[in-house]
Structures are given as C-alpha cells and as structure tokens.
Amino acid sequence: MAIVLGDNRYGKAETRLLRVTRHGDRHEIRELTVSTTLEGDFAAAHLRGDNGAVLPTDSQKNAVYAIAAEAPPGAIEDLGLRLARHFLAASPAVRTAAVRLDEHAWTRIDGHPHAFARPAGGEVRQARVVADAAGASVAAGLDGLLILKSTGSEFRGFERDRYTTLEEADDRILATAVTARWSYAGLGVDWAAAHVTARAALLRAFADLHSRSLQQTLYAMGRAVLEAVPEAAEVDLRLPNRHHFAVDVARFGHGGEVYHVADRPYGLIEATVRREGAPDGPPLDW
Amino acid sequence: MAIVLGDNRYGKAETRLLRVTRHGDRHEIRELTVSTTLEGDFAAAHLRGDNGAVLPTDSQKNAVYAIAAEAPPGAIEDLGLRLARHFLAASPAVRTAAVRLDEHAWTRIDGHPHAFARPAGGEVRQARVVADAAGASVAAGLDGLLILKSTGSEFRGFERDRYTTLEEADDRILATAVTARWSYAGLGVDWAAAHVTARAALLRAFADLHSRSLQQTLYAMGRAVLEAVPEAAEVDLRLPNRHHFAVDVARFGHGGEVYHVADRPYGLIEATVRREGAPDGPPLDW
Amino acid sequence: MAIVLGDNRYGKAETRLLRVTRHGDRHEIRELTVSTTLEGDFAAAHLRGDNGAVLPTDSQKNAVYAIAAEAPPGAIEDLGLRLARHFLAASPAVRTAAVRLDEHAWTRIDGHPHAFARPAGGEVRQARVVADAAGASVAAGLDGLLILKSTGSEFRGFERDRYTTLEEADDRILATAVTARWSYAGLGVDWAAAHVTARAALLRAFADLHSRSLQQTLYAMGRAVLEAVPEAAEVDLRLPNRHHFAVDVARFGHGGEVYHVADRPYGLIEATVRREGAPDGPPLDW
Amino acid sequence: MAIVLGDNRYGKAETRLLRVTRHGDRHEIRELTVSTTLEGDFAAAHLRGDNGAVLPTDSQKNAVYAIAAEAPPGAIEDLGLRLARHFLAASPAVRTAAVRLDEHAWTRIDGHPHAFARPAGGEVRQARVVADAAGASVAAGLDGLLILKSTGSEFRGFERDRYTTLEEADDRILATAVTARWSYAGLGVDWAAAHVTARAALLRAFADLHSRSLQQTLYAMGRAVLEAVPEAAEVDLRLPNRHHFAVDVARFGHGGEVYHVADRPYGLIEATVRREGAPDGPPLDW
C-alpha cells in the first residue's frame, strides 16, 4: 500500500504577551499566552519541501502581538475571534484556524493605578476559537482551580473484585483541580459575565452537593453550568481525584485529624454534560 | 432542552511501579508508569450517586501492581494487552478498557548484576492498548527524544503577509523533541524489535534528509517508520520547533558561532502519515 | 592526607499534610509541606554503617503528622518551634534540628462551613525554625509572590563596557517573583500579624517607589519590612527580573502597546537588609 | 538601630546557548546554561538608585555569548575561568565574579557529522568558577544522575522513638538522584578527564558497597572521588532517598515482586567528605 499524508496542522505555540493600556496614570494590563494552529492544504511542504503555502509561525507570532496591541482589550473570546478570522483570511491554503488563549489574572495592589499582584498563580481562564468557511465557534473554560471539601463526601456501595481492598468511606476529604471547558451555541455572548457565572456555578455545586462519588459531583457541576449559562451548549469536566489518606495518629496516643496528601497515582474522572438534542459543537478536549 | 450525560470515562492515572525479577544474584528491573481508563455504563454513578457499577480506581491500581508482578516481564505492549483484557472482563459495565504505559529505561552500571543507572532521563518508551468486545488494538511510541542538526536545514520560499519579518534561512539549526506514536495493524508483533527499528528509522531520516522545512522532515520521519516496520499502519508525529537564534557576536569583534536557545514561543508541527487504504486504527493523540 | 567526614545532616523532605479541625459543621483546614533536618553526631553511620544513632526519616515523618494532629492549629512558626524542640530532644546524637514549613492557603467558598478553594496557587507562606542547646530561632517569609508595575520604573546611567548594547529606559515594565525571608530577634511574636504586616510593606514599597533600578526597589522593600515589623532583625530578598520586551507593532502600522514576556535568561538581584549592630541571626538562604 | 545594606550580589541567570564549531562538514556542538553573579561595591544602586557602577545583566549575557563564541570549545571549567576573569576585570566595582555552567550532553546519531541526539535528558555536568583579587577557584560536579540497586542494601539497627513504626529491612531497593560537587585544590587540571574519573568512581562505589545505610553509601561515594581524583579537595553529596515500597501482591494470590515508586516525602542525606587539613575551598552548596 502506498504511503500518504494524513491529517496535519501547524502553528505557533505559547506566545506570551503583556498588553498595557494607559488611561493617563491609570493602566490596565492583560497577560496572555496564545497558541495558533492552522489546517489546510499544506501537502506540498510535507511531500516536496515546497513552502509556498506555508505562512511562517514567526509571522503568526507577529500577528498575535500586533492584533493584541491594536484593539482595546476585550474578553479573550473576542480577541480569539479576531485572530482566528485573521488567520483564516491570511492565506488561501488555510481552511481552519484555531486559536487558544490562556489569561493569567492580575489585580491592583491596594487600588494602585499601575502596580499589580497575581491573585491566583495556579488558575487560568481559557478560550478557544475555531474559524472556517462556515463561520466561527467559541469555547471557554478554566484550568487549575483547586477545591477541597473536608466533609460532605462519601464513597460506598462500589463494585468489588479480587483486587479490591478499599474500605467504604462515610466521610472523606474530596479534593480536585478543576479543568472545565464549555462550548457556546453561538456568538454575541457577554463572555466575561458568562465566565463569572459559570465559575460561580461550578464552585457552588461542588460545595453544596453531598457527594456520593466524584462522578456525581462532576455531573452536578456540569449541570450547574448549563443551568446558569443559557448560551452554553456542552460542558466537559476533567477532575483528578487528589487523594488524602487519613494518618493513624491514635497509635501514637495523639488526638486530632491529619491526612497525607498524595501526589501519584490519582483517580481521574472525565465526562461531558450537554443539552439533549443540541447540535455538535467544537471538541472540548484541548 | 433537557440536560444529559455525554461521553464519560474514569480510571487511575500514573501508577508508578518498579518490577524486579531475580535470577540469583542477577536482577532484571523495569520501571513503568501505568494509567488505566474505563468506559461503559456508568450513568447511575453520575446521575444518582449509585456506585454499584464502579470498580474503584484503587482496585485498578492494585490490579496493575498484581498483574505486573505475576507475569515474567515482557514488552509493555504485552503487559498492556493483559491489563486491558483484565479490565474489560472485570466488570459487566465496562465496554472499553484503555491502558497507557510509559517505560523509563535503566541500564547496568559496568555490567553489574543489580546496580543500574538511568541512561536517558528525558526519553520514555510508550504503548497504549485498547480492548473492547471486538478485540484489542495496540499503539506504541516514544516521547521526549531530543534531536538536533547543526546544518543541513533551510527554510525558504515561504508565504509572506503583512506581518512577515522572518528572513529566509539557507543554513539553520534544526532541533526538536520527538513525540511519535504508531498503530499496529494487528497483534503478534515482536514489539521490542519493532520499537528499536522504528526509533532507528526516525533518527536516520532526521539525520539524512536535507531539510527544507520541519514539515518535510516530519513526513520523511513518518514515512521511514512505515517503510521499516511493516506491521505499523499509521504514524503520528508531533514536533515542536525548538528555535535557535544566531547571536551577532561579530559586532563585538568576535569570531565563532553561537545561538540563543529559546524556550517560548515555539513552532509546533503535527501530522499523520499512513498507508493508503489501511483501516482506521486507534486514535494516536494520547 | 587522610580522608575525613565533614559537615553532614539528614532528614525527611516534603511531608505534605492536611490538618482538619472540626467545630461541629464548621471546619478549619491547613495544608502544609514540612521538611526536617537533623545535625549532630552521625559519623558512625557514615563511616561504619552503624545506624544506632540514626532516627529514621520515616519516624521524623510520623512525628510531623502526629504533632501537627495533636495541637490546635496555630501559626506555622509555633508548629515549627514544637517540632524543632521535639527533634532536638528525640535523640542524644542530635545537636541541631531545623524545620522548614510551607503553608498553602485555602479560603472558604462563599463562606461555606467546609468547602474551600485555593486563592493563590503560586504564593506560599514560609517559616524555618532552628533549635539547639542554646535555644531556638525563627525566620519567616514568602515565596512565589508575582508583582508587576506597568510604569514608574526606569534604568539609566548604568556602566557600559564593550559588550553593552542595552539602551537606557525611561519607562519600563518592572516585574518580579518575590522570595522574601526575615529573621526574628526573639520569640513571643504574634507571627500571623507580623506576616501580614511584612507582606503589606513589601507590596506597598514596590508599588510606591519610582524605581531607578531593581536594586533600589529591593532595598526599599527590605527597609519597609524592618520599619513595619520591629521584631524583624534582617531581611533577605531574592528578586528575579522578569524581562518584558516591547514589541515594535508600529512597523505593522498598529498602535497599542504590547510586550513579549521572556522566560530565560533573567536578571537576578539578591541582597540582605538589616538593623545595624543586630546580632547575627539564622541564615536566610534556605 | 539604623537600617543598613548587607551582603548583596546580582547577575544574569540561565543564559542558554548552543556553540557550533565547524570542521568542514563535521560539526562539534556544545549546549550550555550559564549564570553569572557579581559581588562588590553596589551600595549606591541600592541606597540611591545610582547605577553608575552597575554593569547591566544584559551586558553580562552578551559577554557570555561572545566569549563562548570566540574561543575553541574547551571544558566548561576553562570557559568558566575565562568568563570569571573577564567579569572581575569588567568593572572596578566588582570584587568577586562567580560563573556557573551546566552542560547538556549531545552525542552523534550513528556517527553522523552534524546530527545529534540527547543521550541523557536528566543528567547535567556542572562547574562553578569564582574569581577575585586573590585568584580563581574551580569546583565541578553533576546533577540528576539517577541510580538504583535492586539488592545489596539494608537498613537495620537504627534508633527508635515513640513515633518509630519502620520495620528493619534486610534487603531493600536503594535509589537516588545524585547531586555531587567537588572542589579542586588548584588550576591546571585536565578537567574533562577528572570529570570522567569522578563520575565513574561515584557509580562504582554505589554499585559495589553492600549498603547498611544511605549515609554509608554517601561517604563511600565521596571517598571514592577523592581517592580517584588527586586534585579534588572536598566532595559534597546530596542524595535524596527515593523510596520504593514493596507491594503485597501475595494477598491477591500473585507471585512476583513489585514496588510502589513514591514521589514525596523522601529522605534527604547530605554530607561533605574532604582531605584532612586541606585548606578551605569554595562553598559547594550552589
């Protein structure tokens, strides 16, 4: 059988930038990491080293800087739309342009006009925009949000096999680092407000549900986003189970309650929650 | 529209183990990181917190340890097949079981019977096995293989737009960290020999091709694997372009040639190379 | 010349624990990473493999768990004092016991009694306690506090040599990740209040000073801690200069202001600020 | 008490470079990460923002590139000497210049003239040179060398306290990641040969000693370096004890031997081994 080229794509990954907007002495800043990916007719480059259709990734980087500089800073979803549409139009060979944006938050130091501190080192706000001839689609999300419940979580009644040694737990620590992504059914959304609403819904559902399993908590969190954000069509959640093992300090004659926080291995629970009958949106496994 | 559960899966990630086999004073050791993922009918856990169909991830971890201990150590592909088939049979709710295995190499210190050193801290050998009612499929690969050419690479004749400032390069550094995965058309392969052959083909193609673009090099590397390993059906390559920028030392009156090694951003080139008409294999984007 | 054993120490690094205190439905949680180090007469273990004086690091781990469980949670400085004194008394061979504690903050989700989120993934509060026959000393600090000024920073009038190509900057981005440690002249301090005061002084000094160099900013930050916290004797600051390079978007016909955020290399400025004539405290370079 | 400036230093951290030397078609390449640190009279910059004595870290970076480009590539110790002497002379304010160099190895692909692969992603060769008015001193070392013994290691007869639950081990896995640094009594050493000899001595001592504790193994490794390399005056070793816990697979009816590889916590053993009466060399805790 002949050997042929299959799916392919290329782009510039992790262009990190700081956007500053000055209103006199008072500045606004935005820190972003942007990755671009182009798909289309690039067979000649692969098969013959003919780069005539290849817009350099260096040019993609320059465009990210320039287009981020040009416009007043809006939501990352809006910037993603501008970038994706730019790349779709940049070259006749491009059939699909995808842009991923991670935003790293800054807050003012005591209301200072131009001094800032990072409020949350771990959590990033995310968006991904895909544009092709049929139009553009937007997904959003967050990554690295650490949450923990010190009670209100059990795990019982599970299946057992010959390798099962786990004891049932009536009251355990439940902790995870949330990766959540959701697709929007259309454009014209107030992206910033929707993100705040979705994030609050995730936290509230996690806190309020008496959890019988991380699967149940995941589903409740996904459902809460869809109920709170009508424009969201589908939610994908990826929840590592950060195990906390109770240490038996009673054998040392001690009271109190302490847990070992384990690194690896960890459980990993993933699922999608969606509106029944909603059309397929962009994939959420980026 | 009603809210419903979509695709879902769960498992135990990153169980790290060391397998020791003693032949008298002479030992064999194998270090693996194993992740398991189960898909099937787990709706009750998500919707109602009913865990009756949920085999704990703790049990999956125990099974990984036990099954790795039991058998004589073979290729990770063989161990993956045993594990995937075990999990498929472990519970009636399971419809698909996937097992990912990363092997971290050790070599003997001066031929010593039981003292070892790590030869390659960055590179791991990989396999992924998926089993369902229709049978099992095997993919293999490697990650973190750093390679570099100090000449024999150019990048010219590319498309230009208003953001293009890159100059054409007649002779540049080409460096990447290879992530390569390939699927096998069937079972019954000498997995270890095929891995050695594929790895050598990747290196040889990288070294020998005068590169006109990283895309061309990628395709040549993928093609080389298919030509060298007849059992391989499809190859997926993910090649970050680790940019090296020449430093202008002449302005300081110095001769010599030195490059700045950049971290971010970097180009990212991805493509699949496959045999025409071959049936679809398992996805290679793990 | 004979070969002899020099300075030596051992301990258990990075014991991670979660301490839960229940007041009915309302819980308090504390997450700590604790490392212990013992120095003393351990020559026999090194020279002859005689472990009679060696308290296992596993026992040190157990003691960390148990002592953290026993007492009501106080400041990490207080827990450090209890641990250091315990290890000093644990074995006649121990002459100095040092304990390092990193605290990872959690805050309540909407005032929830037992659901929490991580407010700052990057920043950790730190303490280090050293105990020996002469008594105990306490140092405290923080690590990973990201701060940035978008104006109010210049760098001019610097020395030039044949390799100098840097242009003078009237108005540049100043950004760093603060590592700050300070020693206390004695015990009996309100550790938590002192930490809040020191942290606020660092931020305020960074924000308010018109910076002529990162050295000047560093000194002002250290001085501010000593002025605000009378119990602090010496401050050590380690400030990487996270370079932000302005991107020339005007050449693309764009307005706006955008910077490339570089990873490496970076400047690194380190200094100690202390009260003149203060006695030497514990080293601050941990 | 007045507030004053204490010890201080500054420099450029982690300048990464690739040095290429062409002999016709056959190239030599060297990849280095270089950090420079200057100490001296920089009080004016800290106290008054007067930068007249401050050679920018950007100039230090340029000098690293230029001096690495200029000379034929020698041992990193030789390059370190050239750099440290350059910085000592670069400015009258500098009293001590320190240069740290990490070398990342490359080897040829099948003897290819200009295609290379990374043989050991984790291990780096290291050197640190310090120059002041009295002359220069050189230390060398390695970091990230993973080694493991699957037998020939025990841990018994240790001290016990109320928190001791560890059982004595007749036969355990011993694994560590070696950080080793040694100082040279003078210059004029064949640095490359000495490094090869020291590394081999470390491995051989680890493999050959029947270990009664990691302390004993550490001392034997340090002693072996001093015996093998007469120019070395002092050796500092930092050995994390990478714990491997035997998994009880017999309870599942399985034979075989498998261990859980733990991440944290880990034991940490540190000591210096030196020639009695040797003069103090440069500190080895970088």
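For this structure, a couple of remarks:
Per-chain numbering from 1; labels A, B, C and D assigned in written order.
Simple rule for what comes next: contacts are C-beta pairs under 8 Å (C-beta built on N, C-alpha and C of every residue); 3 or more make two chains touch, one makes a residue touch a chain.
No experiment lies behind these values; they were computed from the predicted model shown.
Taking the mean of C-alpha positions as each chain's centre, the chain lying farthest from the centre of subunit C is B. Between the chain pairs A-C and A-D, more C-beta pairs are in contact across A-C. Our note on geometry: subunit A versus subunit C, Cα centroid distance of 30 Å, whole angstroms. Chain centres here are Cα averages; for subunit A and subunit B they lie 23 Å apart.
Put simply, the C-alpha centre of subunit A and that of subunit D have 38 angstrom between them.
Taken residue by residue, subunit A touches two or more other chains at 16, 62, 66, 163, 165, 252, 263-264, whereas all remaining positions touch fewer.
Against subunit D, in their complex, subunit A makes its touches with residues 162-163, 165, 251-253, 263-264.
Against subunit B, the residues of subunit A that register as touching in their complex are 1-16, 35, 37, 42, 45-63, 66, 90-91, 93, 155-161, 163-166, 211-213, 215-216, 218-219, 223, 226-227, 234, 240-241, 264-278. Interface residues of subunit B facing subunit D in the complex, by the touch rule stated above, are 16-22, 25, 27, 29, 31, 62, 65-71, 106, 109-110, 112, 114-123, 144-152, 173, 203-204, 206-208, 244, 247, 249, 252, 254-261, 263.
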